[in-house]
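To keep things simple, chains are lettered A, B, C and D as they appear, and every chain counts its residues starting from 1.
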Amino acid sequence: MTIFKIISRTIPFLTLFLMGTAFAAEHFIPVTSYRTGPYGVSGAPAANGYVDYLKMINARDGGVAGVKLAWEECETAYKPDRFVECYERLKNKGEAGATLFQPLGTGLTYSVIDRVAKDKIPLITMGYGRTDASDGRVFPWVFPLMVNYWSLSTAKIKYIASLEGGLDKLKGLKIANVYHDSAYGKETGPVLKKQAEMYGFELEGFPVAHPGLDQKATWLNVRRYKPDYVILRGWGVMNQTALKEAARARIPASKIVGVTWSCSELDTIPAGKASIGYTCASMINPGTHYQVFQDIIKHVHDAGNGTGPLEEMHNQQLYRVGVLMGIMTVEAIAKATEKYGNKPMSGEQVRWGIENMNLDDARLEKMGIKDFIPNFNVTCADHEGSAPVKFQRWNGKAFEPASDWVATDQNIVRPMIEASAAGYASEKSIALSCN
Amino acid sequence: MDFWFFIEVFVGGLLSGVMYSLVALGFVLIFKASGIFNFAQGAMVLFAALTFVRLLEMGLPVLLVLAITMGVMVLLAIAIEKVVLRPLVNQDLIILFMATIGLNYFIEGMAQLVWDSNVHVLDLGIDEYVAFEIGDAFINKFDVWAALIAGGLVLILSLFFRYTVIGRALRAVADDHQAALSVGIPLRTIWIYVWTTAGLVALVAGIVWGSKLGVQFAISAVALKAIPVLIIGGFTSVPGAIIGGLIVGCGEKLAEVYLGGFVGGAIENWFPYMLALIVLMIRPEGLFGEKIIERV
Amino acid sequence: MIYREAGQFKTTYKSDQAILPIFQDRIAMVLMLLFAFIIIPIFANDYWLGSILIPFLALSLAALGLNVLTGYAGQISLGSAAFMAVGAFAAFNLQVRVPEVPFLIAFLWGGSCSAAVGIIFGLPSLRIKGFYLAVATLAAQFFIEWLFTHFDWFTNYSTSGVITAPPMQLFGFAIDNPLNKYFLVLSIVALCAFGVRNLARSEIGRAFMAVRDMDIAAEAIGINLMKTKLLAFGISSFLCGLAGALWAYVVLGTVEPQAFDIARSFEILFMIVIGGLGSVSGAFLGAGFMILLPILLNNIGSVITGAAISTETIAHIEYMVFGAFIIFFLIVEPNGLARLWQLGKEKLRLWPFPY
Amino acid sequence: MKKQNEKNKYSQLMDIKNVNLSFGGLKALIDVDLQINTGEILAIIGPNGAGKSSMLNVISGIYIPQKGIVKWKGQIRKKIAPHNIARMGIARTFQNIALFRGMSALDNILTGRNILMKRNMFLEMLYLGPSKNQEIEHRKKVEEIIDFLEIQSIRKTPVSRLPYGLQKRVELGRALALEPELLLLDEPMAGMNVEEKEDMCRFVLDVNEQFGTTIVLIEHDMGVVMDISDRVAVLDYGIKIADGTPDEVRSEQKVIDAYLGAG
């Protein structure tokens, strides 16, 4: 029974874990991932990218400011309760405690929002999470960096407009919003409605029952609606099925615009030629020609300790998103050390780091990610930084840029966010503040 | 237009119904012969499909791959009989049901451990985007193929049950364990046969669903789609699985398209169960299930 | 020698009918309660209280609820999570609409609503039996999940469909840290367990078991099947609803309908079967198994990841080990951990003179 | 329990007039008349498929005859829900044992007392006051039955572990727990060895004497039937071919033919 061998081998470690270990002087980074279950497909490459980047930093720079990075991975299976367990298990590890968490899931984020405020550990949620947390005055510990759901949605409409030749051309267009019938899927409803009113286009929502293995009915409905454009707000196996059914319903892929989480090879490849010409919004630029990837190959994969297979880097958008997560984590820590000195950073210090990140071209150049991501900066009030969005087109083999960096429309989003956040603040009786 | 649209929805429903039947068949086989509700059927579909596609990716010829995969499923069946069923022989059915739950976790883990948890494209060489046009309705070629495969499978199975020794043996067991034993059919071999057959059905289902969704963990979820089919068709009837599938497929599509709008859509998950429930209220043993007789 | 009933003569039926007729069992129970209420709070850290013990207790309660229905009354249900959801959302909505209501009342309200829903979906049980009945409950599962995801009223129009439980006040005393949350959950669960145990050994319990074991005979001795089954559904769903409320308020603090999906229902069913059908301790043992084992495996995993094995492999091995354990236990003792425990006691009773 | 003799002020507990019962085409009972006199032991015999069990189910009210009337204590009996039969004072045992396998002998018999108990969910949950007292008081009654059937030693044993004979005894106990006026026994001695049968006979007679319970039993063992029953009714192919004291029936030509014919 090898199981028992493993167990017996690990009892000592286990007791250590129960007693609480003695820590080396390292920045401790909890890595919560989901590699199993129906979403494991998406979770694994992201986690691999994240960890590969951390490995690379240790190998290339010997950590941040001379202090090594240490991390521990914890399987959440994309379930809030499992994530909370991981969070509680890892939050006090490391000499200065956990630096920051990246839940990688909206439901997961919600389950710790109150906890991080109490434990003073920042939460980075890039492209997902609680939208109105972008208001840093109400949510000092939560950072939906770059783009939240609503901002992204405004960018999408702008992109469609650009295809049509200007926002004024939106008038009278019919746009179908095909979404995963869940909290996540429904979230952009309000902002889309608002835009529909503003620009005078017609909007119709089409929910897809989870997990969306068979969407014939939905797409027949979409076809009957005869939309000019389809917004695909899917997740997991739903996306590729959607693309296929769309093709069967004779809706050209070029008319379908996906969101960040419908924007990976996992969605396009299985759909085969049905997805050629499909565009989707992303926080990053496609391709792996950036310095950072060369470094990962050189210092991690060539050294033979890549977390996943190397191909992932080239054919997994989510791997590259994972790298982006790593970049943000490390940058936040780096910024914090500038202020607090070269020692393991605590959550509180890292929070300052995130809030004072300034990703201008010079900085991005230095990090080897120039043009991989746009430059943006976070302030105490604006925890999003409202970075512009890159639209990518699937050409049948790879994603290629389909647009320039498209700015989001904060005039629409910001008021909505502040209103929503204010509601939360009064409910929890939080005093708006920017220290 | 709207008439043709209705036709399209209707036929589309029938065709996806057949897809559900494919999965339901696996359940029926095992339940018919041993009264066990095999919770692990979904996992078996996943495992079979993964094995098939991964071997294919290694560049082996299709037929060889098919043969190997079948072999694997046989081995799996034997292993299950030896390790799980034999120690639990003549336990309550609920216990065996539970065992299959354990089995489910194990196979799911194993499938992804041995192969991997990525999405794999499985191309049967059928162009999915060609459709026969009847009036204004598109009837998708791929779906028709799937339907044909399923139909063929059912035909083979019924012939198998009717005309082969093993088939008759299975029927005997289904009717009465004691009787089967008394005419000298060892229950263990029977079980191996049953689980093998179920495994092969799982393979077919896996291939068809896999080429539709891409082979990945999520296809183990098709099992949930099969349950209402079983209920309506009856746990013990092979043709029932098909009819049930058609009813469910049709019902849910029509409901989604024509009723969904009124309640905000996405009713496909629960509608089949409500449908099944209605059927049960009228016929507690399903349309084709054997009548439950209680003697006082 | 320690565990002996010899010499304990029951002189009255009263003492023989007592909840724990054997002296040592009473001692053990007292010690266990002491342990749960005093020792654990003293020694356990927030991690153990907050993210292991509290979820464990909450799910034990759900398992207890299902055990009333499936274990005692013999009606299989795959909708437990849905009933939990009803409890959680009903409690939440009551407090949102009527803020004055103290949360304990809200919990009871949640339980009651869940009970009502349970009875409605239990109606088919009068006609449908066995696995076929499971469908009725599956219908409940999917329908209710859909209902809560789909109609924003239930989530009080929160943009993301996630509800956040209002803070809990008990007699002006805030329940906000793991410790007093633990006490709250523990007291509720202990109370329910006590109630179910009593129910099981009195008239209603016997009626349940009669229906489970031989419904025709039960009818022949005058037991009304309909009333009995519906009562079972009611009590069971009440407990599940209560557990759901605890899950939303105490365990996570925020909850979305997806937290009560079909997977959760199955999880709860597995708990009672692995733990032992028709026994109170079974619910707890099963919950322990289903909750602690994966976490334990994950801990072990995260420790040996350092070695050559990749995290992904570990994750899959966890799955396999978990499945293997279930089968292993079924083979060792088909009637669940509770029965295993009983056998242990019987052995102990003879010890040290087995013959 | 002894008081029952006074309760039975009817000389005829049940009066069944030309009852017809058929399942689809198959006629189970044809124009059968049968009286059940208070306090007697009536045996219904006949070859297999003669309609004995059907008769029993008509008496107990599970089957409603298509034709004919059933009088219970002088009133014509309407259709009744199965669970109300027991409340009418009719208890029964089953041909193939129908005990609650998951419970101990004690609990099985206690369950028989359920209809005599008051239901109060909350008190039962707390095991308080009336609920507790009724448990104890009914336990006393049950102990009387246990003593009567001489099964003290197996009180706490799960019935599934008991030998066949004892299971039959427990089932009898469960029926007695209802304190019935009419007790229906469906082949109480089937598959028993000689001394088990003797015990069972004794119990049947004692029940009849001590509690004054009227007993209707179906039995194949002629010896037993002739020994214990006051009256014997013989069915053959759904028709009552004889009815009288054991001796009368024994000498009845039709009966002899029927039995010779049957085997």
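In this section, a residue touches a chain if its C-beta (ideal position, glycine included) is under 8 Å from a C-beta of that chain, and two chains touch if they have at least 3 such contacts.
Note that this is a predicted model, so its numbers are computed, not measured.
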| item | value |
| --- | --- |
| Path length in steps (a step moves to a chain that is touched) from chain A to chain D | 2 |
| Identity of the chain that, by mean CA position, is farthest from chain C | D |
| Where chain C and chain D are represented by their mean Cα positions, the distance between them in whole Å | 41 |
| Interchain centroid distance [CA atoms averaged], chain B/chain C, Å | 32 |
| Whole-Å separation of chain centres (CA-atom averages), chain A against chain B | 37 |
| Distance from the mean Cα position of chain D to that of chain B, given in whole angstrom | 48 |
| Per-residue overlap in chain D, given as positions that touch at least 2 other chains | 94 |
| Residues of chain C touching at least two other chains | 146, 150, 216, 312, 316, 318-319, 321, 324 |
| Residues within chain B bordering two or more other chains | 112, 117, 264, 266-267, 269, 296 |
| Chain A to chain B touching residues, read off their complex | 35-38, 40-41, 44, 181, 205-211, 213-214, 216-218, 220-221, 224, 236-237, 240-241, 244, 247-250, 266, 269-270, 272-274 |
| Footprint of chain A on chain B - complex, ascending | 5, 8-9, 12-13, 16, 19, 112, 117-119, 121, 123, 128-129, 131, 138, 140, 209, 212-214, 216-219, 221-222, 225, 252-253, 256-257, 260-261, 264-269 |
| Complex interface listing, chain A residues touching chain C | 3, 6-7, 9-10, 13-14, 17, 33, 35-36, 40, 44, 47, 72-75, 79-82, 84-85, 87-89, 92, 106-107, 110-111, 113-115, 130-132, 181-184, 186-187, 190, 207, 209-210, 307-308, 420, 427 |
| Partner chain C, residues of chain B touching it in the complex | 37, 83-84, 87-88, 91-92, 94-95, 98-99, 101-110, 112-113, 116-117, 224, 227-228, 231, 235, 263-264, 266-267, 269-270, 273-274, 276-277, 280-281, 284-286, 292, 294, 296 |
| Footprint of chain C on chain D - complex, ascending | 60, 81-87, 91-92, 94, 98-103, 107, 110-112, 114-115, 117, 119, 121, 124-127, 131, 134-136, 139-140, 143, 174-175, 177-178 |
